[in-house]
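A, B, C, D, E and F are the chain letters, set down in written order, and residue numbers restart from 1 in every chain.
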Amino acid sequence: MQLSGRGVICVRGGREVFAGLDFEAASGEAVAVVGRNGSGKTSLLRLIAGLLIPAGGTIALDGGDAELTLPEQCHYLGHRDALKPALSVAENLSFWADFLGGERLDAHESLATVGLDHATHLPAAFLSAGQRRRLSLARLLTVRRPVWLLDEPTTALDVAGQDMFGALMRDHLARGGLIIAATHMALGIESRELRIGAVA
Amino acid sequence: MTMSLGPYASFIVTSYAAAALVVAILIGWIVLDYRSQTRRLRELDRSGITRRSGRSAMDRP
Amino acid sequence: MTLIDLANPTRFLALTTRVLPWLAAATVILLAIGLYQSALAPDDYLQGATVKIMFIHVPNAWLSMFVWGVMSIASLGTLVWRHPLADVAAKAAAPIGAAFTFLALLTGSLWGRPMWGTYWEWDARLTSVLILFLMYLGLMALWRAVEDPSRAARAAAVLTLVGAINLPIIKFSVDWWNTLHQPASVMRMGGSSLDKSFLIPLLVMAIAFTLLFVTLHLAAMRNEILRRRVRSLQMMQASRIAFSSEMGAGSRHDNASKEIGAA
Amino acid sequence: MTALSALIRRDIRIALRVGGGALIGVLFFLTVVVLMPFAVGPDLALLSRLGPAILWLGALLASLLTLDRLFMADHEDGSLDLITMSRTPLELACAAKALAHWLAAGLPLIVATPVLGLLLNLDMVATGAVALTLLAGTPALTFTGMIGAALAVTLHRGGLLMAVLVLPLSIPVLIFGVAASQAVIVGPMSFGAPFSILCALSLVSLVIGPFAAAASLRHGLD
Amino acid sequence: MTALSALIRRDIRIALRVGGGALIGVLFFLTVVVLMPFAVGPDLALLSRLGPAILWLGALLASLLTLDRLFMADHEDGSLDLITMSRTPLELACAAKALAHWLAAGLPLIVATPVLGLLLNLDMVATGAVALTLLAGTPALTFTGMIGAALAVTLHRGGLLMAVLVLPLSIPVLIFGVAASQAVIVGPMSFGAPFSILCALSLVSLVIGPFAAAASLRHGLD
Amino acid sequence: MQLSGRGVICVRGGREVFAGLDFEAASGEAVAVVGRNGSGKTSLLRLIAGLLIPAGGTIALDGGDAELTLPEQCHYLGHRDALKPALSVAENLSFWADFLGGERLDAHESLATVGLDHATHLPAAFLSAGQRRRLSLARLLTVRRPVWLLDEPTTALDVAGQDMFGALMRDHLARGGLIIAATHMALGIESRELRIGAVA
């Protein structure tokens, strides 16, 4: 499996954010997207996820499921965590599991992995910032997707949480997945760097 | 003893009956609620959950 | 037993268990006396036998306002002293007050049909009582809609106090606007204008209904305390499970020291 | 199918928890109905003549009060991104969301109509007619309103565009809904003609609504 | 003072850019007004008799439509935290926000009244009377509605629950507003009495509203 | 100036988060609040800011402005950034400057300091995550407050941004301010550690 972009151009709000960007990532590989604030890291992830439309260039996944589009094979973990405060932890997770469909794991098991199994019945409104992040991570585990698009995934995680997340990513790569992560910090796993914009 | 309630007997009787009914509903609700709460407390008690002071959940001084 | 003791939910439970049977007995006796006396009361020369509705209507009308008054005082307790027992008192009173208000409206319209020739008229007294009824329903909806009882209590307290403005409007609406409804004849400056043969049964019925309210309210408060005890025990159960699996975040303390049920 | 039913169940659950449940919906309509005599005056004949209009206004209001956040809430917390990316066609997801909204906000009104009809002095036949028109017509309100809700997300604008776009679309629904009910109550027009137009409006909006909303969401991505 | 005027200016600016406060009310009015002839039939005399009631209902409902997010938006983006912490008393800040809302959403209604009056077959005097009562009464609607908006934050609940809590409080305003306008149009009661009660209601709510809202916000912190 | 808490108890949603917490911070000192996800770091900051009411214990500032309450002398920088997407960068900042009042700096200057001076007329909706964070930081500069309460302040900042922010904090401390910051990472300045909850 190979994700590649050729000459990708990104325009937002009428302004060109970056142009002529080439990148690729193969199965089992993690790419860390780095760059200054406002250089377009988030924009790149959203382009891959189909949430933005490139003003030029192409992005394609070779060797994936031919019946599915690229976004349908991606997990996107953004700044906003797609949680409903009124629903409990378990309800939030099981909704996404049911809605996203496809191959999946037991929800309770993934809550245990991220350390939220004692809080399954708590409304998501009661979660701390890091606990919310952990709940988002549980979504990636419950539903299997080959491509993970992660936007500053370690935000708000404590040290133990970052270790746990590192292990999860290594696991995903070992199973042949691939990861594109925008980050300002060390990602915690071996990764190739993709720099956007001028050097800071 | 019979009362003569005049031409509006039905209104008077309805008033008293409605009052009786509403009060009965209130009492019934409170009694049923009490039963269900004490039942739940007993269940919790049986499952070994006690209050902080170590007393049983059910004990009422 | 001092006031401080009363504020302790466990003591309160003990007290209510002791007092409730006596209260219930007193209510039944007074109600019986009141009903007997009102059955014996003569017909009014203007209103005929329909005056008998008064013995139900007026106590319920008074209580509809009295209960809101009780809730307002409890609300002050919630907002000023943050006392959990005040929350309980306010919550338990709302359905009972709504029931009394409903009865006041119903018996009022049943009386209105023979007296005014219509069940309902949009006059100030009737309208303000209807608003009172809607606000009772709103409060009950609020209590039901919100999970966290202390959060609901604070919101309900603000709303109760705002709604208390309605009480003087109900009371004085008959004086401020001339309406269909009877002006005050029992509780007014310069003594009652009501004949003794009506006044005494009315007062007995009023006291009986007040006792009924006190009884029901204490019982409902007891239920509410038990409900919160159940809730806090269930939360404790949830966190117990957490400790046994011993993973990740969360509070390790025994919870709910401030929760009323845990007292 | 599981995906759609999961979406519907989630939305209904949130509506019931956050909005306060079907009971509150009914209480809301009760309040709106009680409000009318205050405004119009205590004229029972007039009230029953206005009855259908009042109930229809209540329905419009209840859907407007909640509809403008139909997609906005999902947009703000990032759920909409995931819904767009998923394997479920966006059109179907939109339709599911609108259906959930109708079930949570529209249906309680129809169920409560008999009670409210009593207060408005409507007889059995009239109440039935109003309930029937509401059943046929409120889906149209929801499914046209959905278009406005989607545009609100696209344009980062709430209230204004919602109102500008949705109200004109819902006016025909209101007019034929009220006309059909009036036909039963006072005559002399036939019930059938406006009622079938009402049904046609609903059917058309059932098709157009989801497509327009999905198109608007797709083009509004960013 | 600068603090409050900054708050008012910000809220109006946001309302004009995003919420379209001005237009939604006017459009809602228009819908209600267009609907009425269908409800009561083409009876011009009756229409003009109902005119004030219709306009007042429109005003009430329009303020409900926009008011429930008065504090919620600030709560969700964290602004409310900073407002609570600031040196400006929370009561004044609440009052300023309500004032801004009234300026953006209430005032346009009053400005639009003459046009709508034409549609409802009201003459000049009647239109003037309705506009005057709206001017005196709509602040009361906003300032009581504000209490509901604050409760919505405390309770994490918006929409219909809020409407249910607030509507009973606004009934007196509606009654006296319509009564005062009717007095001018059909007589025989005096305009003065209900109008002065209306003004009194507005003044009372101007005091109670901010205090109740601030109390509710303070106790709802978390 | 000395900020101190004695026996502070925090209860949220009916559950005790922490109890009997003692802490203090003096002028010119930075305290880093650390602990696992959900241990109560954010809660502590909100208690100090007066946004939560302690279930027990006291929090007091000695030697500050006697006429002002503690929250009135604090800046709170939370997870949510109090920005209105519909307003421009300059409008957002100048609103807070006007509303918060007191001694203050030129808004444009602080925008230049945080590196947003080229974007003053952009709507805040167009900002990237890091740019939003920078705009929030500009608020702290524009209005002077002696106590800064910072909740994971470096989230979303790039390396240059973190350096810039470190310099700002050092500046603030040198002027006699004090900082309480909740963080999972190094704060970038010398600080005393306050650990909440059990060791992870």
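Assume contacts are C-beta pairs under 8 Å (C-beta built on N, C-alpha and C of every residue); 3 or more make two chains touch, one makes a residue touch a chain.
Just so you know, these numbers come straight off a predicted model, no measurement behind them.
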Chains contacting each of chain B and chain F, listed by label: C
Those chains which touch chain D and also touch chain B: C
Turning angle required so that chain D lies on chain E, C-alpha fit (0 to 180°, nearest 5): 175
Two chains sharing the most contacts, counting C-beta pairs only: D-E
Distance between chain centroids, defined by C-alpha means - chain A, chain E (Å): 45
Euclidean distance of C-alpha centroids - chain A vs chain C, Å: 55
Chain C and chain D: spacing of chain centres that average the CA atoms, whole Å: 37
Residues within chain D bordering two or more other chains: 18, 20, 24, 27, 31, 34, 38, 41, 76, 156
Where chain A touches two or more other chains at once, by residue number: 12, 79, 86, 115, 128, 130-131, 134, 158, 160
Chain C, residues touching no fewer than two other chains: 127, 134, 137-138, 141, 145, 239, 248-250, 254, 257
Residues on chain F engaged by chain A in the complex (per definition of touch): 12-13, 35-38, 42, 79, 115, 122, 126-131, 133-134, 151-152, 155-162, 184-185, 200
Touching residues on chain B, where the partner in the complex is chain C: 3-9, 11-12, 14-16, 18-19, 22-23, 25-27, 29-30, 33-34, 37-38, 40-41, 44, 47, 49, 51-52, 57, 60-61
Contact footprint of chain F on chain E as seen in their complex: 2-3, 5-7, 9-10, 13-14, 17-18, 76-79, 81-88, 221-222
Complex contact set, residues of chain D against chain C: 20-21, 23-24, 27, 30-31, 34, 37-38, 41-42
Chain C residues within the chain E interface of the complex: 79, 127, 131, 134-135, 137-138, 141-142, 145-146, 151-152, 154-155, 157-159, 161-163, 165, 169
